[in-house]
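Both of the next two complexes hold chain A, though its partner changes from chain B to chain C.
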Partner chain A sequence: MRYQIVITVLIILLPVYVLADIVVVVNPNSGIAELTRHQIIDIYMGRNPGIKKGQVLQPFDHPLNSVVRAEFYYKTTGKPASVINAYWARLLFTGRASPPRLVEDNKAMLKTVRENPAAIGYLEQKYLNEHVTVVYTLENNE
Partner chain B sequence: MNNKLHLHVARIITLGTILFAIVVSTIFYYYSRSVQQSIMEKSIQQLFITVKSTATIAAYLGNEELAKEVVEGLSKNDIVSATALTSVSGLNVIVGDQLSEPVGTMFFPLYNPFEASERVGEIQIRPNKALLNQYVKSSALEQLFILLTLILVVAVLVLTMMRRVLTRPIQSIAASLHKIKPGEAGQLVCPKGHENNDIGHLVGDINKLLVSTRNTIEQERQLRSRVEGMEKHFRLIFERASAGIFLLDSSFHLKSSNLAFKKIAGIVESERRESRKNIYLPELFFDPHTVKNLLHEILKTNRQTACDLRLDTMVNGEERWLHCLFSTVHSDQEETMIEGLVIDVTERTFQMERILFESEHDPLTQLFNRRAGEQLLNIMLTNARKNGDQLVLMLIDLDGFKEVNDNFGHDAGDIVLVEIANRMQTTIRKEDILIRLGGDEFVIAFTLRNEDRDEIDLFVEKLQNRFKTQINLNNGQSITIGSSIGIAVSPHDGENIETLMTNADSAMYQSKRKGKNCASYYLAA
Partner chain C sequence: MKGLAFFHFILLLALLSAHQANAFDLGTERIRLSGFGTLGVTSAGEKKFGLQKDYIHDAQFGDVSVLTDSVFGLQLDIDLLKNITATVQVVAEDRARQDFNNIVDWAYLSYRPTSNTVIRAGRMGIDLFMLSEYRNVGYAYLWTHPVVEFYKPISLSHYEGFDFKYSRRIKPGYFEFKVYGGQTGSDIKLANGDLNLRMRPFVGFNTSLEDNNWKVRLTYATTDTAFIRSPADPLLNELSHVPQSSWPQASALYNRLIGVNKQTHYYSAGFLYDKHNWVVQSEFSLMTSKWLSVNMTNGYLSVGRRIGPVTFYTVGSYAKSRDNPRVDRTQIFTQGLEGLVSAAEDLLHAVHMDQNTVSLGFRWDLHPRAALKAQWDHTWVRKHGGGLMLLKEPLDHNITLNTFSLNLNFVF
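So, the complex of A and B:
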């Protein structure tokens, strides 16, 4: 009984303690230095893929059940991943919109952004390197 | 019974309720309209909630497919006549009528699903007015139909119940009441089941009334027959009475009279019919003026009056006399009438007159007798004294009358007396008095203004001249007879009749002594 409570508490607190800050990154060649949270949501929810005229940013997502993905969407949209999944499921049948493409993990995300100038992705801060540009930081206490 | 009661009531109730139903249905129509409208709006709101998230996404993304799906889905509801989804990004999907006319259209704003403050579009939904109207109309008609059905049922029930509970018993009562004739035996029978209600009481009261009416009529009938009997008796008395009975109005016209009166008064039956009302009682009498005055007097004094009156008509040349008894009668009406009772007293009147005449006159000569003569003389003397006149009293004694009696008999004597009396009667004036004292003694009296012996002498001479004429006796012989006269003149020869008579008598003896057939004045000793 006692262990259960402790475990439950730990599970609840897990993302806060386990996860570090998440950074949103783009290819340095994209010419984008900074994005607002609103812009990030619009890009990821398929509303407005471009910031400038004619520019199309291609969002990349972590696996559907990954903790970082849940953290990302929660911190940006304030909604759990299930709602986001349902959102895309609903849009799937219209044929017009498609959800962000998936990458395996943080390392794969880094690689994808580094290689694709139109790509935009997010990863845990600890995997960050100099080959990508941070345009937004989702802090833990946010 | 053209206007049946139950039909009347049912008609009134039906008309009233139909009016009520129309009013209620109209009110219901408007009320129901607003209710239905709010229900519809609420349903539309719920519809919106159903599609809200999809619509939000469609507007957020400007996704036309999704928007179409939403709009078409909404439009499939029959309560929706038109739908539109517009987004800020310029998406505009419309299904149904043009939404240009925004009457009744409901607007639902759509917000960014991730940023609630950002409006990304709106949905417009227009409720189906036609459907609403149809709903409302049909439900109002339904309501009206239900009410009318109810009214019909109520009317039929009222009709039936009125008929059963009220009209039919009343009709049966009325019908049996109609058959009962006033005064005849007969009772109403209370309709079954109504013994203890108002109808039962009504029947009871009517029966009581019938009984009391019957009793009253029976009493009236008995009373009437009694009165009729009495009337018959009275009429018999009136009609068959031997005395004449009549009734006069206040103007003395004959109101009614019995047979006896008509006979007595000589009113002919056929004449009576025509001029019955015009018979004026005073005119039936010889002296209408007196009778009229008499009747006026009776009316004035209210006194019963009896008198003998002479009728105007004569029977066999004889006067007719009625003894009349008049009295006033106050009838129920204002007018005072006079009642009269008459008896034919013609015979009696004549008898009385004869008796009176006989008591005052000498039966042979018809001259006043001594008793009546003395009374007349006294009256004449009183009058003469009052006027300062003189009274001349002559005592006449026939000369040789005893011899006539002895020689020719008493009948001849009577003839002589009658003849002499007639001659003296025709000699004197009307106002003079001629008396037969008895036997062959007569008295003549008259008044004089002055003591004028010449006038007296003249009269004596005239008288004695009449005596000179011969008197025819019944046996063919004739005689003459003289007279000795004694004269006394008041007041010189006496203050009263007795003295004057005595003095005239002595003067008469003076004449006898002188040799008869002459006149002598009394000479005081």
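So, the complex of A and C:
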């Protein structure tokens, strides 16, 4: 009985993050209809994704301590945000690339991608509207 | 006192950096200022046998130091044109020689003619190892300090010249090839003085293939020792003038100990695996040269396991000279020559490397831009195998040493 009470209390106290699916979006004027998971990883890990000759996408990221950022990187790369942060420090301080510029939240991401033809970003699906193009969906059960 | 002042300086910069956290956010601005630092406390060595993490730092003889691992760096990137960027990195740390030339670690221009190619020219980081371009950035790697057996033998941090890099995704992974050339050098600390080394030409290439969970890398480089000034010069000079009739071996020993005009070849292979919270990294290298001090092999294997924000790890490493010339004691030396023979024998022992280390530690990612690390190293050094140490007396028996280090690493 005592154990049942302890387990019940623990279940109640456990933080439950139920995120919607995350969608990767670009500006409709980019001419890009879809991307592979490999290409998205390359873009967000400072590598050349080889999309179209001469086309460069500028990635935007969520704040370093945000839940949606942690989810995005875990679902795409399988790694926690701390590993991604250390990886970007390596790229930055070897002069290879600068980390993606940060935006405040989902709404700011939507606005940034909508206003910048070269931008690529990601956000929770519930914030999606018709002004951006979805190029990849990271489903919640991935 | 000087050490504490430097430590307080870095502590102050760390606190100021915490208020400048948004500097990291300037990802696409034309002018970007970024920084990194480490506040470290290290206990290492013994009274007569000093441990160094690399040759540019003072050795520790059993004391506690805040200078060994502490470092602060700033990097400025300026996009001059669409495809041309200027980068300058300055690094403040304890050094054998503190001057402007050594503090400026990098200063180069990079030109990106296509999305697959980058050409750089100026002063750049030496790219021989997996960590070589960011060994000062503790936040970027797992351990409290680069593996001594592997990273100390080449304490070169930068070179002046050019590099050309080509990269693209191919079927198995992301491919990179880099070729470079220029000149390099270092001012390093030895037991009885400073050593100044200039090497040119310095040329080489490295190639790597990586995917999300793994990376393999191969390196080759070669260089000539163009200039060397060391505390052993008077002894070597004396050795070169010994008549063949009085000590036939002297000339052969001189040729092994003298560094100038000797070519060194460097080969290394490394791999990294990072999946399911396991992190495995290993590198092995071979250096071949007629200069005894750098004719060696070394390597390490590091295995880590992430549990939440903490990664626990262990590292095993070794460094060993590839040969061990001895003074032929079957010859009877005159009393006048005996002093020189003994000194040459001590020098042969002093440059010989034969040691290995096992390390245990953890890294705690306590903040998106800061990590706390602790590490214990247990090092075995074989008799006359202390070439990676600073010795106050000849190492005529096997010893074991313990190093404890606690670091706070941060970036901004």
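To be clear about the criterion, the second predicted complex is superposed on the first by the 123 of 142 C-alpha atoms of A that agree within 3 Å, B and C clash if a C-alpha of one lies under 4 Å from a C-alpha of the other, contacts with A are read in each partner's own complex, and residues count from 1 in each chain.
In this text, contacts are C-beta pairs under 8 Å (C-beta built on N, C-alpha and C of every residue); 3 or more make two chains touch, one makes a residue touch a chain.
In this text the structure is predicted, and so the values were computed from the model without any measurement.
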{"item": "Superposition on chain A - do chain B and chain C clash or fit", "value": "clash"}
{"item": "Chain B versus chain C as contact partner of A:Gly95, first or second or both or neither", "value": "both"}
{"item": "If touched residues of chain A are counted for chain B and for chain C, the larger one", "value": "C"}
{"item": "Which superposed partner A:Gln125 touches (first chain B, second chain C, both, neither)", "value": "neither"}
{"item": "Touched partner set for A:Thr137, first chain B, second chain C, both or neither", "value": "neither"}
{"item": "Contacts of A:Gln58 with chain B and chain C, given as first, second, both or neither", "value": "second"}
{"item": "Contacts of A:Gly46 with chain B and chain C, given as first, second, both or neither", "value": "first"}
{"item": "Chain B versus chain C as contact partner of A:Gly78, first or second or both or neither", "value": "both"}
{"item": "Among 4-12, 94-102 or 274-282 on chain B, the segment whose C-alpha atoms clash with chain C after superposition", "value": "94-102"}
{"item": "Overlap of the chain B and chain C footprints on chain A, listed as residue numbers", "value": "38, 41, 47, 77-79, 87, 90, 94-95"}
{"item": "Touching residues on chain B, where the partner in the complex is chain A", "value": "54, 57, 60-66, 69, 113-115"}
{"item": "Contact footprint of chain B on chain A as seen in their complex", "value": "38, 41, 45-47, 76-79, 87, 90-91, 94-97"}
{"item": "Residues of chain C defined as touching chain A within the complex", "value": "24-28, 32, 34, 36, 73, 75, 77, 87, 89, 106, 108, 110, 115-116, 120, 124-125, 133-134, 136-137, 139-141, 167-169, 174, 212-213, 274-276, 306, 309, 365, 368-369, 371, 411"}
{"item": "Residue numbers on chain A that touch chain C, as the complex places them", "value": "38, 41-42, 47-50, 54, 56, 58, 64-65, 77-83, 85-87, 89-90, 92-95, 98-102"}
